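Across the two complexes that follow, subunit A remains constant while its partner is subunit B and subsequently subunit C.
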Partner chain A sequence: MLAIQNLSIRIPDENSGRLLLDHVGFDIQKEEIFSLVGGSGSGKTTIGLAVLRLLSEALKMESGVIKFEGQDLLGFSKERMRALRGKEIGMVFQEPLHAFNPLFRVGAQIDEVLRFHTALSRKDRQERVIDLLRQVGIPDALRVECLYPHQLSGGMRQRAMIAQAIAASPKLLIADEPTSNLDVTLQAKIMDLFRKLKSELKISILLITHDLGLVKHLADKIAVLYEGKIVESGKIQEVMEHPKNDFTKLLLRTIT
Partner chain B sequence: MLLELKDVRKCFPGKRRLFHPIREDVRAVDDVSLQVREGENLGLVGESGCGKTTLARLILKLTPMDSGAIIFEGRDISSLGQNKMRPIRRNLQMVFQDPYSSLDPRFTVRGILQEAQDILRQDSSKGKEAQRVELLKAVGLEEDALNRFPHEFSGGERQRIAIARALVFNPRLLILDEAVSSLDVLVQQQIIDLLGDLQKRFHTTYLFISHNLRIARKISSRVAVMFKGKIVETAPTEELFRHPVHPYTRALLSAAMDYQVASANDDMTLERGLSLVEKGPGHFVYC
Partner chain C sequence: MTKETKLSQEGHRPAGGGISPSAFRNFRKKHAAVFCCVVLLLLYGSALFADFLSPYSYDNEDRNYSYCPPTRIYFTDDQGRITAPFVPAVQLTFDQNHQRVYQSDRGQKYPVRFFVQGDSYKLLGLIPLKVRLFGVGSPGRLHIWGADSRGRDIFSRILYGARVSLSIGLIGVLISFSIGLLVGGIAGYFGGKIDNALMRLCEMFMMVPGFYLMLALRSAVPDDFNSFQVYLSVVIILSFIGWAGLARIIRGMSISLREREYVLAARAMGLSDLTIIRRHILPHTLSYSLVAVMLSIPGYILGEAALSLIGLGIQDPVASWGNMLSDAMGIVYIQFAPWILLPGFFIFLTVISFNVIGDALRDSLDPLLRMEVKE
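Up next is the complex of A and B:
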């Protein structure tokens, strides 16, 4: 589904610069939850942004291939990329308050995705927005649709953003620290929702997080990122039970 | 007993609704009784909105309470005015959740620590500079940090600065309100290790507030679980983990340990009017 090979990205400066990502590669299969785990500054977010080609122009991509369903994303034109974002690959960001536009109602912002990517009529779109909000576990969707982002609680906002990300039925969802600002009770509920997205909507998920505990019972595979390098990867159970890398062991110790 | 709360209550006025003659108030803290002994670390755990932070603010008298009593160092501080509270707050410090908004961006670290030192009105300026350097070293920062501004530091480093500021007073009780929640897991561990080291050195008692039982476990000898303004269970930490009794404690445990939703019904309700009953040695359950 998604294949990343040999991806290296550098921040240039007067000297040689600093490598943000150092020959990173992994594959995500269909209907798989793939977790990318590492500390802050390890380059996790950069990978997510690179897939969507949303990286800052200042960064230099030195090498690498990013393939989505066999097509080379790096060769896509800007227009083709725009058509792909949201339609084929959805994204959920860490801070939903910043990701939403504060001036528009939540429903309208979900509708925007539908307007751009689908040919549904106005009435159908309206129904679909309500449907999406219910799907992510917002019971009073009719009310929530008419609220502004700041009127929602953190957990609700994160759900609304997931609803927006899956609006155009993408095949892959990139979730970058989707629950880091939420309390554990809500985190558990969001993880439950991800499980549902995978089993019912057959969406593959790239879950980016610093918290191993979060992915322990959820992900199929894991890659551990340390200072821009993948230091360990494999089936989640295998890595959790027999970690080989010292950094993985350190991460594991934080969740006991 | 270092700190004792007796039936502390705080209500916030609820929203007025059309055609509803009675306004329903939010009971943020509902008749909470709690004791913190010298030298023990009490973890206060509950989901967001359960009243943890309000309780902390009531203890510091940053928010006035409706009824009840707060006894600190054997003295009833519930009726003290702001002026009389000031000397008491030296022994009762707080580290806030968000290290990005709790440090004044216009002050250097030297200024931040100095402001706290000035409240103590103590000896020479030489001694003060030495104390600042010593405190920074104690929290694992270098001396040159003194001349830098908060924005030059990472979240974890800022939290270290906030801890250093609280330690200026050498307080007997330090309230840590979600002090590590916004940090990444590795930095969380570092700060928790630091708090352990500091305790050996300064003999401060911690009231550790968190939404995450797994983190609270690392630092607390006893845990109190709060739900909708009520304490629903308190027990020594390991006892609580081995034998959680209240359904809400169980839900919190499975969320914190495995990120699993414990029960099918999302919204657990709380029966009012029950009381804490001792189920085992030091193990109290609201039932």
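Up next is the complex of A and C:
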């Protein structure tokens, strides 16, 4: 489904700069939750943005192939790339309070995605927004739809954000630290939601996190990122039971 | 001001466009600004219903009443008995210095009436009517604020002139702010070469002093335009001057706004660049733009007045406050017929009202903004 090979990204400066990602590569299969685990500054978020080709202009992609369903994303035109964002690949951001525009109602912002990527009529879109909100576990969707982002609780906001990301039924969902600002019980609930979405919508999820404990029961596969390099990857049980890398061992020790 | 009123009604939820209900409350506390709002509403209202409120049409002239002073309305006849209000017949003569002297003859009475038949017009451009709020029967004439050189009623012409002078500010601001917001938004959002090109263009416009640019553009407009075409060209010329400064400020704001995470999120959602600029960048500049709009409307009104004053704007017989003032360019006329300066008073009133409202808006919208706008 999504294949990344040999991806290197550099922060250029006067000298040679710093290598943010160093020949990173992994594959995500259909209907699979793939977790990318790494510490702060290891380049996790950069990978997510690179897939959508939304890297900041200050970063330089030195090498790499990003293939989505066999197509080379780096060769896409701007227009084609835009049509793909949201429609084929959805993204959930770390801090939904900042990822929603504070000036518009939540419902309107989900509707915006539908307007761009579907041919639904205004009325159908409205119904779809309600459905989406219910789907992500917001029972009083009719009320929430009319609220502004700051009026929602953290958990609700994150659910609404996920509703927005899956609005146009993407095949791949990139979730960038989706729970790092939530408390532990909410984290677990959001993880349950991801599991439910995976089975209901038959989508793949790239789950980017620093918290190995969060994904150990959820992810199918895992890759551990350390200072821009993938130091270990494989099926989650294998990595959990027989970690080879010191950093992975360190991560494992923090969760037991 | 309708926007504010609307916001107050939906005060229970946070308003869109970066204007909070508390900003509205703050604004309400500024009595001078509220008063100015009322003044402007009255002015715009009377401009709208100028046909009905004025006793004469803007081009109704009578040379026998040239520079006629404001007509006195009498409530008593020459024997001191109380009667219905009337205006006397007026006779124009010249004294030994060849100055105009108007002698009134209270024996000849023309009663002042409400809802009299006058010049025909179309109310709001739709309903053909002849009835006017007040007036006197022909051949008497009622000039409550005097008459101009051709014996046209100043009061009526001020009302008709308000249509031109007041609407030019609004339409001009609408055009130039649309351009300014769009150019600034695009320049700031895309950055790089586009930014560079657009900003250099802005600087070209800002480089030329406004008034000379106005004259230069006006000279490019053909002379044989009818009054409506002249009106349009004046509006467009004025709009051409104001947008550049705004575009630069909006560009600066949009450079900082494009770094917000919701802009990145919108891009990740696959929204088009123009939609992102329109929905996720420009609305966040609203509290600044609203103040800037209020503070720049006077510029358009004064610009029109300046153009019309030197005869390049709205052409006679169509009235605008600017071209009415061109009558008052000689000291002699001001000395003997000071009432022809009245349009100037209305320009002053309008300009100061917009400024007071703009200041109050700035203070009440955002305390942080105060420093930004003042410069």
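Simple rule for what comes next: the second predicted complex is superposed on the first by the 256 of 256 C-alpha atoms of A that agree within 3 Å, B and C clash if a C-alpha of one lies under 4 Å from a C-alpha of the other, contacts with A are read in each partner's own complex, and residues count from 1 in each chain.
To be clear about the criterion, a contact is a pair of C-beta atoms (placed from the backbone, for glycine too) under 8 Å apart; a residue touches a chain by one contact, two chains touch by 3 or more.
From a predicted model like this one, the values you see are computed outputs, not experimental measurements.
Visitor: Would you mind checking whether subunit B and subunit C clash or fit side by side on subunit A after the superposition?
Guide: Fit: subunit B and subunit C sit side by side once superposed on subunit A.
Visitor: Kindly classify A:His150 by the partners it touches after superposition: subunit B alone (first), subunit C alone (second), both, or neither?
Guide: second
Visitor: In the superposed arrangement, does A:Lys189 touch subunit B (first), subunit C (second), both or neither?
Guide: The answer is first: A:Lys189 touches subunit B but not subunit C.
Visitor: Can you report the vertex angle at subunit A, computed from the C-alpha centres of the three chains with subunit B and subunit C as the arms, to the nearest 10 degrees?
Guide: It works out to roughly 90 degrees.
Visitor: State whether A:Ala119 touches subunit B only (first), subunit C only (second), both chains, or neither.
Guide: In the superposed model, A:Ala119 contacts neither subunit B nor subunit C.
Visitor: Which of the two partners, first being subunit B and second being subunit C, lies in contact with A:Thr254: first, second, both, or neither?
Guide: A:Thr254: touches subunit B, not subunit C.
Visitor: Thinking of the overlay built on chain A, is A:Asp211 touched by subunit B (first), by subunit C (second), by both, or by neither?
Guide: first
Visitor: Would you sort A:Ala58 into first (subunit B), second (subunit C), both or neither based on which partner it touches?
Guide: Neither partner.
Visitor: Please give the least Cα distance, whole angstrom, that subunit B and subunit C reach in the superposed model.
Guide: 13
Visitor: Applying the document's contact rule, which stretches of subunit B touch subunit A when the two form their complex?
Guide: That would be residues 47-48, 154, 182, 184-189, 211-214, 251-252, 254-261, 266 of subunit B.
Visitor: Applying the document's contact rule, which stretches of subunit A touch subunit B when the two form their complex?
Guide: 39-40, 154, 181-189, 191-192, 210-214, 216-218, 250-251, 253-255
Visitor: Inside the complex, what are the residues of subunit C that reach subunit A?
Guide: Touching subunit A from subunit C are residues 13-14, 16-18, 260-262, 264-272, 275, 279-280, 283-284.
Visitor: Provide the residue numbers of subunit A that touch subunit C in the complex, in ascending order.
Guide: Residues 52, 54, 82-87, 90-91, 93, 95, 98-104, 112-113, 116-117, 148, 150-151, 164-165, 168.
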